[in-house]
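Labels run A, B, C and D following the written order; every chain starts at residue 1.
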């Protein structure tokens, strides 16, 4: 086993990986940019190495710098987490060239699965069902519009290098095609430095179902059942669960087999995920492969008992998988909710600020993978995900009750969060009766419920405001120590619902 | 189901119970004495009610006051947690008289099992094996010494009303009898207001094995396997695990059956624990029954999947148990370590102070049931247990690795804690090879290991001291704002190992 | 309620609450004539405290500035109140009558810091409410910002490729 | 090491470390001639900070008073150092030679606040090291406190049934 590994990431995933390493007796090295020196992942590591860059993002993406730090500190392996360098084929190769183990797949798998066009081709060859659409980069817009008409609207424009909803646009009708194409291309260029766009049929009311796979260097490849990640806003997942209520044993086995075939087709090693769209008739279509650990990996861990981050490290160290397909038994039900600093009453607009008070829920079956602590700032430099709350119950009903209760116990004061929204989802009939698809938030969720939740406490909160006014009244008569008004008001704007 | 319950306790157990209630959709009422108004259990509740008393302890023991608050606030049930009023038969009865459900057994079971002499008699009738000893209160010391000689030294003196090691003394030889008896009686009087002492054979090198039972109001009574709580200091548990490595299926079934018989014999309803001593020849002897939820209940929850606090509330609400004995399947391995603010290098002397920084470990299979947060004070008013760290692994080896890693991730700065000791136990061959009994800490643990652990970082820490000196040097030249020296030094004393 | 010292109004959107205080006891507040009793259970940095209101426990951040407005943040929600004392009410009435109401932003304001990706209008354009006039990228997402009102584009402060702070007026409309 | 400004000694029990500083750079410390580089990553209230030492991360509470002694608390352990500058070393040597060493407590000190349950000796008693002379109850446990030295009981300050503070000298022995 490795003695030291470097974790080339930040936030909750860096801490998650370091926890796994610590269990294996491995010393952990964090990397941090100056603005991140106080961050939880930095101060959670055994060792913390500063990386420099004009922006924090540049530093975390600086492959050469990170590799040379790993060499200097005798780290034998690098875990890339998700995002940043995790799906960068040349980084995987550079690690290999430097004789440092990249804890993830080889450059070929990243390369081929990272390119939507190449991935589609490879998957088609491997017998994996794919969504009808263009297989090559759109160059001729008139031709593209013709193909779109053939496939039939709505169609979906997607960045070849994309992921997580970035560079993605749904087009309802031909007249919107050009504008949407421009926007998708611009976003793709900014996000990935690659503005290749392709298109495919937009599957109406699909479920987002993904299969977790795990492969070792000895030719063993298994799947760890599915995750249902249909609850999304802006094409980004908010709530995930495992198992899915719409899969039966037969469909699970069928999708699992296809996922393993897909992984084998790209010579996959380590943990990866095959994402599918599942339509109402239980047809499933390959969406993409994420060649890394995913944000929502914990739900699979809880229903299978397999610690994916630990297995990742063990696989990278050359260990064979300690189980075969038939050893993977799923039991119970797990739900993950992402705690974003976003205002659900304002179109999920990110809400920056200081998290002046934070208290995570705890107890039986409650897990929080968090990236911040009390007093930390949520800045615009990084994604506004504060933590992931994951619960495990004996069945789905218990898991929902547990999530609802844990959300009530969660205290995050200082920025708006999606917590009330998540609670409302847990309490909604549609979610409870598992009648939801990827359009849930956009089309089916009743945001008025949130207004009602807010109004529920209004009377008490108004009384608190009056109490605070009365208590501070006398204080205000003395000259304020700091005569400049605080800036909280300028940070809060009204009428932002429609943007 | 109840709509509102009052939790007549504080600290981690109050929070644990409130979490369970919240999952059942019940509103929670905390009670707090003025000194506890900022405590985590107070601020975790939906509602917090002040109770008054000359000391916090008096307030928490004030049955009449607590019952009248429950009535006033329309709470339908009271959960007593552990300690305080939990094993007070007249409180159970007073609740019933006030038509408030006591979440625990009826007064008869508490009464009879709370009196060691009566309990022994009843158990003997029910066919439960008991340790040889006196069945009645010691009154004639000469006679007692005679009986002790018959049983054979070492013998154990125990308070009839006792529990948790209080009012307990081991006597090695006849000449120590009187002094030990005096001490036990004094301690019992102070702790329980009852100085009845009895004696029994001291079982050499026993394991402390206890069986969790759960009974409903409809005559169903099952057991949830055992916990091994042999790692104790001062007769108080520090580390507990489930299952025990020394029980096989047959012995588990035998002890489980005896435990269920014991519970039935006292007409037991709700969750309870039968404690046994298990000798090397696998003979087991009834020790006592704890007629309440125990500190170490989480390890049983993790290996059985049964949420004991939730089941307690459901049973009290009149629900039948949702499972039968054959539905209880144990899987995996769970270990609990109690995080005490005690100095293991100084005979586990409690170490009070402000917990200036606190960070709980997190991640897969890691659970913390905690009672404090960053900035809270550890006072002499209550037990010095800060939290319980409970881990679950697929097997014992993984659980130990996980505990070791979680202890490394734990940050508690401001008072000494048992964390290094707990780590040392996890790393000790004796514990890993499950070769330990209740004498482990006293006789078998090598405290030098802790000195070595301390010295491991000494070089770095000395450098930090030098760095701090150099950094503060210039500051010290200005007149200090607060000219009185800080009191930290007076709180620390050397040479306390032998006391 | 003989000790009532002062009455104020709290205005939140279209709701107004009347609050009265007992000058012998600051732990009591009468809101719309209902009694609320307060205990401050715990205080943290950054104006965060745990307060019980008629024994119900709230963990809140209380932002108060000198202009008699208070923001209460709970987990998830933010509540804003304007405080009107009898003096301030009179004053406001006067101001309103003189036609000098509170500054209302006529135009599109950056809802968060970000970078202007595209401006979809020119000065003089007739636009309708909800028309998407400018695209701002923040936290790696593009957000198309719509106009809060119909009218004419008066001034464009947003420059493509330039960063903007939260609260910047990007497009002025009249 | 041309910029060395000052050397001090840190004494902890029977160990002594020599520390030297680079006066151009406070982030560097030479301890027994080995270089340690420091970064303060985070600071909390109550003198708690996260510091990296040669990139190794420590979360510590640093208690320093004016008498040049420093206590470092980590999770679990407490480390105490006396700081000896060249001046203080000389001074101490002088004091020691004059026979006026540091106050060493001769007797039994309450290791924590509690209540005296029993006193097992009288003034004038001859006692041996480790003899249990007084019983103090704290946190519901009785603790029999042994004498740190052999000698004669000089004075008894402990009174049965009375509370004592941590650090109180219960029994004086000479």
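Everything below uses one rule, namely that contacts are C-beta pairs under 8 Å (C-beta built on N, C-alpha and C of every residue); 3 or more make two chains touch, one makes a residue touch a chain.
Note that the coordinates shown come from a computational prediction; the quantities given were computed from them, not determined experimentally.
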Mind listing the chains that sit against chain B and also against chain D? A
Compared with chain A, which chain's mean CA position is the farthest off? D
Length of the line joining the C-alpha centres of chain A and chain B, rounded to whole Å: 40
Suppose each chain is reduced to the average of its Cα coordinates; what separation in Å results between chain B and chain C? 50
Counting only Cα atoms for the centres, state how far chain C is from chain D in Å. 54
At least two other chains touched by the same residue of chain A: list those residues. 44, 359, 374-375
By residue number and range, which residues of chain D touch two or more other chains? 44-45, 56, 59
Can you name the residues of chain B that touch chain C in the complex? 29-30, 37-38, 42-50, 73, 375
Tell me, which parts of chain D touch chain A in their complex? 39, 41-42, 44, 50, 52, 55-57, 59
So in the complex, which bits of chain A are touching chain B? 15-16, 19-20, 22-25, 44, 298, 301-302, 305, 307, 332, 359-370, 373-374, 394, 398, 401-402, 404-405, 408-409
Taking the complex as given, what residues does chain C use to touch chain A? 6, 8, 10, 12, 15, 17, 19, 21, 26, 29, 31, 36, 38, 44-48, 51, 53-54, 56, 58-81, 83, 109, 111-114, 117-118, 130, 135, 137-146, 148, 166-167
What residues on chain A touch chain C, complex-wise? 166, 183, 186-187, 190-191, 234, 343-346, 349-352, 354, 356-357, 359, 374-375, 380, 382-384, 410-421, 453-454, 457-472, 476, 480, 485-486, 488-493, 495-496, 498-499
